[in-house]
């Protein structure tokens, strides 16, 4: 196997909660991300899946060098991203592009499309003005917009079109990785499909890797090669995508998957969504032991005391952080709802 | 035209709780008239959950607000049509009468529960307020009843929660408070506008199941406005699909989702990313949702994006045509002379 | 509950501690503003009073430490303030505190009558304009209220004086010689304030009336009047309270034009005439008083906020 | 936040560069347009006063002392027989010069310090905001009167004094806006592309944060005109015989019972000019900036 494009090693992020108006002291900690490791290969899409408080956006920002990890390393192309300086850092910046959730928010409404898309080129002092204009036009055409859109302002576009502009901007520096944080979740269904197809096409044409953050497993199904399920900052399950959607092992993954409503009444009748009890616990007050134990229908006494490690299963590259995945799968532990 | 049936049949016994007849709600903006709702007719029967689906700009929220007579005015105004609730036309009703219906017989749950709750008032008080105005109970017993209702919608330790402010609650809890307010007076019709859009997946399932419980236990009819066809598939009995302010298709959920008949419904269903399919490309609908200010009057608004479009689609507006039992689509394909049309 | 009370008293304490740097800055400015005056202040004093002999002058010099280096003078100044001694007026040879004490009630009377008038007019009209946005009423209120806030108050004072005191003879011409004396000066101040409050109430109402929770209130079946009174107004009033508070602080001397025109014996007139004759102990005393009033009013407004808005209360507890 | 229904107003005005917004607002708001015309007229009069004023503003004509309006002296004459209209026209030069320089300099200081404080936060922020707090804790106009009294009357000193009390307000508004703007995802996106702090400030923060400051500046212009007139009324501004609006009200006060028009006209001129700036600011604010409501 070739060297991975990106390696996240044992990443953790703790946000201190400070009190006091003058002398601020840390009174609590939010453990947003706990010891998360993963790799992204070349030309591969890795999906981080989870609900609010799962830490997926925090991970994306640490990987993209927008937020400093409390501990752990990010290796990009073999070098430690958080130790790079000067030209090397600039170089790494060029290799990572970003696409954010809400295109209305991630594009400066006061800039023309031309300036939005060429902003990365301008920041890195690349190309002459004329060459940049040429490049902007190429990029717009590549993402399915018209050359003439360059002079318009963001408010003249729909959400889907704006997300195309955001993708064009991310592609401007010819990155090898694009970090996409919920790139389609604020879009209409028909626009969603188009953006996902566009991202797919770009991967095929340019050999780009994606780190895809999403809460929507339907979206994840269509784009990703590997799936990481996060719950309260901890990895619950890792599997190759094809396997994941055939066979989930962690009770949280199962619940999450079943809560995705397929638009087919018959399928839902056969396999109705499994209702979890209670709310997602506050990250300020994480449960002892397995973080899912407060809502898990299969909860056993041990789950309240010990935190299950992410451990291999009987299938290659499929790991899960549940003590009881095997008895659950065999039906030896009955769920309590 | 031959073979065309009207959906609305007032003479049917045991008929509709609510029926919309040719509702037109337009927004009069400085950029032109936006025909947000442009001739929509459907009915909601007692005890049923009716889904109203559509994408941005389809007019689904405006339909809900029209029923409640809560349109932002200016710019919105009902320009035509009737909204019959238990046989009475809501569009003609004087303000003080519609007010008696709001919150008691018809109530509404909105999309964003944080901003939809008053930030400065304790949630118990916000629920008891609606009880007080419609039942005339004094404030103490009304608060007690509010706590009872908060319990019924699945809020643990309802007494404590009642004395909290909205910002202290989670998104799911806030939406339960909104639902408690809406069902406090046991309405006959509950309009839920995207009630789960900003909620987490697992919480969404809980809230939807709560809505279904309310229907089952209280017999409330629900108009569920959503963009998510999965939600429709799970809890709706019937569904109406809107496109650019007009009804594209309407029928029992099973029929519409398993046998979609309007080309828009078909395309929409194919473009939903599903967990039970394969990795790879999705089918898409070509083109963009049209700008509502620039729509022609006499056409099928979907024709620029429709793979089957003929010239008639550009010059005439299709009527609803019956496809199956209670299942209608507004598409010329189902007219008898489609083969011969150009 | 006790936790809440505890945290509020703590919050108060911290807020009061935060005032220390502000007061230091204020004292430096109060000190410097008159120190930078070119020439010897005593010359103008002697010229002004005409009765002081050179012995008095020398004593004054010693008391104020005028011969010492600047920082010593400053330290002496702060030391005297901390003892509650604001010094004597050079021009009138009376303790500054006495002068301020005589003038303050007059100013407070003027401000409170003016503010009552402004609130009584400004808030209802502002609500009306906000509810009837962009109709003719609103536009008329808009033009009028902005005009009211744009009138130079000394000029307005003169005009009202001519009209009501000279021609119509409804009110006394100047000074504080009876209960009717306050009417014209208060009206002069109140008109501008009312204009300001109308604008503020209107836009604050507009902010709230488009919020989702107002739609929810209507969806409950509440009447429009109840929606506005019980839901919109409560949220809209917060910024208005802030401004009323700040205006009271500002008017402590900011009303001096009005006091000047009407010969009203208040703080504003006292301070401005002290400035003009370089009677700097009075000016310094006033600056300290104004800054104290400003921060105390700010603090009161903040506490009112926390009483009304639970979100702030809980942030305070954090 | 991520509403799936269309916004009622399809093309929101706030989503474009400032100059487009201003034009769009004025095209709809007739009253603000009138205000703009008043401002333009005042500016033209001020610039062209030497050419269009019928008389020399300081030329005395004792025979015409305190004469009312006539066909030659449209607004009448003052106690020294000077033409009031000409004096008002020349007075506009003073008022607008003070307004422009006070607003201009305060704006520069405020935008710079406010952006710095808001963007970097921490110690920079605390230091800047403590100073701002101190300045804001005095009644501004008294501070100005005091400052002018210290350094002596005159146009330059009035300008300096008004800047001294004006910059903190701009700084505070700019800081608040910067705090809000810097949370925008497009700022994060820019940082992700490798943008430097100075790039982010120049390209994103300042252009996006500036509109409430512009509103404040418009209203501040009116305020400065009013304040200058106040100081001149006290005799602390431009020294006689040079005309200024505030000074003219003050001169008129002495003869107010004999010739009330002498005080009336300059006062009205001040009121209309200040009204125009406030009205313009109000028009801009209603559409531009929901956050600034004072």
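In this document, chain identifiers A, B, C and D correspond to the written order of the chains, with residue numbering beginning at 1 in each.
The rule is short, and it goes like this: a residue touches a chain if its C-beta (ideal position, glycine included) is under 8 Å from a C-beta of that chain, and two chains touch if they have at least 3 such contacts.
Since we're looking at a predicted model, the values are computed, not measured.
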item	value
Comparison of A-B and B-C (more C-beta pairs in contact)	A-B
Chain separated most widely from chain A, comparing mean CA positions	C
Rounded Å distance between chain B and chain D, as computed from the means of their C-alpha atoms	51
Whole-Å gap separating chain A and chain B, where each centre is the average of the chain's CA atoms	32
Multi-partner residues of chain A (at least 2 other chains)	188
Multi-partner residues of chain D (at least 2 other chains)	1-2, 4, 11
Contact footprint of chain B on chain C as seen in their complex	211-213, 215-223, 230-231, 234-235, 308-311, 314
Residues on chain A engaged by chain D in the complex (per definition of touch)	64, 66, 89-90, 93-94, 96-98, 100-102, 105-111, 119-120, 123-124, 153-156, 166, 169, 173, 185-186, 188
Of chain B, residues touching chain A in the complex	55-56, 170-173, 200-206, 209, 227-234, 253-254, 257-258, 267-269, 271-277, 279-285, 288-289
List of chain D residues in touch with chain C within their complex	31, 130-131, 133-134, 136-143, 145-147, 149-152, 222, 226, 229-230, 233-234, 246, 249, 252-253, 256-257, 260, 263-264, 266-267, 270-271, 274-275, 278-279, 282, 285-286, 290, 293-294
Contacting residues of chain C [partner chain D, same complex]	21-22, 25-26, 29, 33-34, 36-38, 139, 142-143, 146-147, 149-152, 154-156, 158-159, 162, 166, 199-200, 203-204, 207, 239, 243, 249-254, 256-257, 261, 268, 271-272, 275-276, 278, 283, 286-287, 290-291, 294-295
